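Both complexes below contain subunit A, partnered by subunit B and then by subunit C.
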Partner chain A sequence: MMRRLANIALLLVAVAFCYGLQVSKPHYGDLIGPIPARGKPGDTVVGRGFEIHAEKIEFARKLTVDQYGQTKILTTGGVWAVVTAEFAARAQSTVVSVASWRGPTGLTYDQTERLSFMNGLLPVALDPGLPRKARLIFELRPDEVSNATLLVSEKLVAALDSQAEISLGPVTTAADGLPTGTVDMLDMAQPL
Partner chain B sequence: MLENAGSRLKAWAIAGIGTAAAIAVAGVLGAFGARHEPLPVLAPSSRIDTGEWQIRPLKAYVSAEKYVYGALLKPGGKALVLELEMTNRTARSTKDYFDLLQVGQATIDPATKPFIALVRDSTMSPELHPGMPERMAYIWQLPDGAAASASLELTVIRKTYKPRDNLYGLPGWFNPAPIGTMTIPVGAGPDAPDMQP
Partner chain C sequence: MTAEVLDQENRDGERKWRRRSLWSLLLLIPLALAVEAYDSVKALLGNNDLFARRVVWGQSAQFGGSDWKLTDLRGAFGMSNLPPDSVPVLADFQVKIGDPNLQNLWLGCKIVLIDKDGRRWSPTSIVSLKATGNVQTCISAIFSGAKSGDTLNLRETFLVPKEATKSIRPAVSVASERPHFLLFQLEKD
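After this line comes the complex of A and B, so read on.
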């Protein structure tokens, strides 16, 4: 009798253990996800194939760009965020092509595709020993600006490769709901 | 010999009765009637939730301009333009709006792929960002000499979110299915006022 009870108890323990293993098993998407390399603006964040140094962040209501010799003004329903960053390759030439802005609530904003004709945006081709600057331009909702994270990786599917995660910290908001220091117009034709 | 035939007959009869019973039960449960319900009719000026997108049709018109929001039309051709407000309801930037609207057979050949442009600055099929409504234009090139119809019939397609798909275990939007049809009056030109809800 005692022995049978012990067997049943052991069986229950085994079932609970197996259930725990099943529940806590990491999902495939988590296992092959990008490997974060964390940092702050001003730091040099070092990944496997590239380094990034975010220099400054500017906010603007409108952007002016030169397209085929004509000046074009780009408006937005939210606010433009322009991050100027310096990139460097490590051991071999590479291309950094993907950046996104993850807001405090987890909404993820990819780089805008409305300036695809402009120079100085991603993708940037990098060679070791020859650092280059580039602009990362995002169109954001004003409430996703503060405490955001900038995610930069070489490829869109950064599976098992490093992704720079730069915590941008709090940004104060002015009376009009836009971040403090938002300029009306930012000229993208200015050299980096 | 006869015995054998009798038992075989019995087996056939039982199998036949079983099959008939199974079909009858399926019919009672509604297996043969499920797909024949007509799609609901959506109000053309309402906000429609398709899972990934919230859309609000604004106006439809026929244009004979050379460029319609940056889309180059064939010489002498006309295009049917639908302007609508689209809001990305998902958590990340996406351009998964190519299969959002299906035109009715009466209006345009359903095989015609529309140009999709941002009205703000005529960017062709840009990614739209979460929670930021944008005015977009769907531009269907009309066949040569086609008479413009007075209304545009659309079927709106929704998709379903899966936190993990079966192939890669990654989140995504799958299983397109129609949610309803709507008929939008086609105005004379681009200056017509927007439809109000």
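After this line comes the complex of A and C, so read on.
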């Protein structure tokens, strides 16, 4: 009788253990997903193949760009966010291609493609010992600006590879609903 | 023979086979792991340049079915519009084609510069220098239609920091030879 009870108890323990393993198991997407390298603006965030140092973040209502010798003004229904960052390769030459802006609600914005003709945007080719600056430009809803995270990786599918995750922190909002310090116009023709 | 004796014999036989089975696990588990890992290890070795074959300055080495020789490695100083403290470096090779099946043998051809710390520079697109004569890159040579006995002049251009120029050495790798790669020594080595 005792032996049978002990067997039943052992079985129950085994079931509980297996259930525990099942519920605590990471999602497959998390297992093979990007490996975060976290930091904040001003930090040098170090990934496997590259480093990034986000120097400044600016907000603007409009951007001016030079295209084929003509000045073009890009307006938006939201707000432009322009991040200037310095990139460096670590042990070997690489290309950093992808950046996105994850807002506080989880909405994720890819870099704008409206300035794809401009120099100084991603993708940026990097060689060891030769850091380069680049701009990351996003067109955002104003309520997605505060407490956002900047995500930067070498490839679009950064499976099992580093992804820099830079927490941008709180941004105060002015009376017009735009981030405090938003300028009317930012000139993208200015050198980095 | 009584039933009791038969029962005892069966029990002894079971015990013997149980023990054999447990011992066989010592062999079977590592074997299963090896079979399972075979493809991954093969892919790892096939995608990485792990083992260097050093080539003395002035010598040529048989690699990917052809004879490779480093003919020059020099800096192109004095260029403007470059990142500060950077130097374009040109690596020139003379390759005598042996097996002309370059599209298979030279697949994934990579020429890089490696410094004393193991840092690797790939060819750059920032600097473009006009080459004289029939100079090709490693990748364009694959589709050149070169025949056995032809000699190809290959050149790759790199951008490296000034501090690394003293210790950089050119290296060549192709998929058919990985994980081995050629590491060329300079005259001063």
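Keep in mind that, in the parts below, the second predicted complex is superposed on the first by the 192 of 192 C-alpha atoms of A that agree within 3 Å, B and C clash if a C-alpha of one lies under 4 Å from a C-alpha of the other, contacts with A are read in each partner's own complex, and residues count from 1 in each chain.
Methods note: a residue touches a chain if its C-beta (ideal position, glycine included) is under 8 Å from a C-beta of that chain, and two chains touch if they have at least 3 such contacts.
All of these numbers come straight from a predicted model, not from anything done at the bench.
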Touched partner set for A:140, first subunit B, second subunit C, both or neither: first
Which of subunit B and subunit C A:128 touches, first, second, both or neither: second
Touching partner for A:93 - first (subunit B), second (subunit C), both, neither: second
Overlap of subunit C and subunit B interfaces on subunit A (superposed complexes): none
Subunit A partner contacts - residues on subunit C that touch it in the complex: 83, 85-86, 112, 118-122, 124-126, 158-161, 163-164
Contacting residues of subunit B [partner subunit A, same complex]: 91-93, 118, 120-121, 123, 126-127, 129-134, 164, 168-171
For the subunit A and subunit B complex, residues of the former touching the latter: 27-29, 72, 74-78, 100, 106-110, 112-114, 139-141, 144
Interfacial residue positions of subunit A with respect to subunit C in the complex: 91-93, 125, 127-130, 132
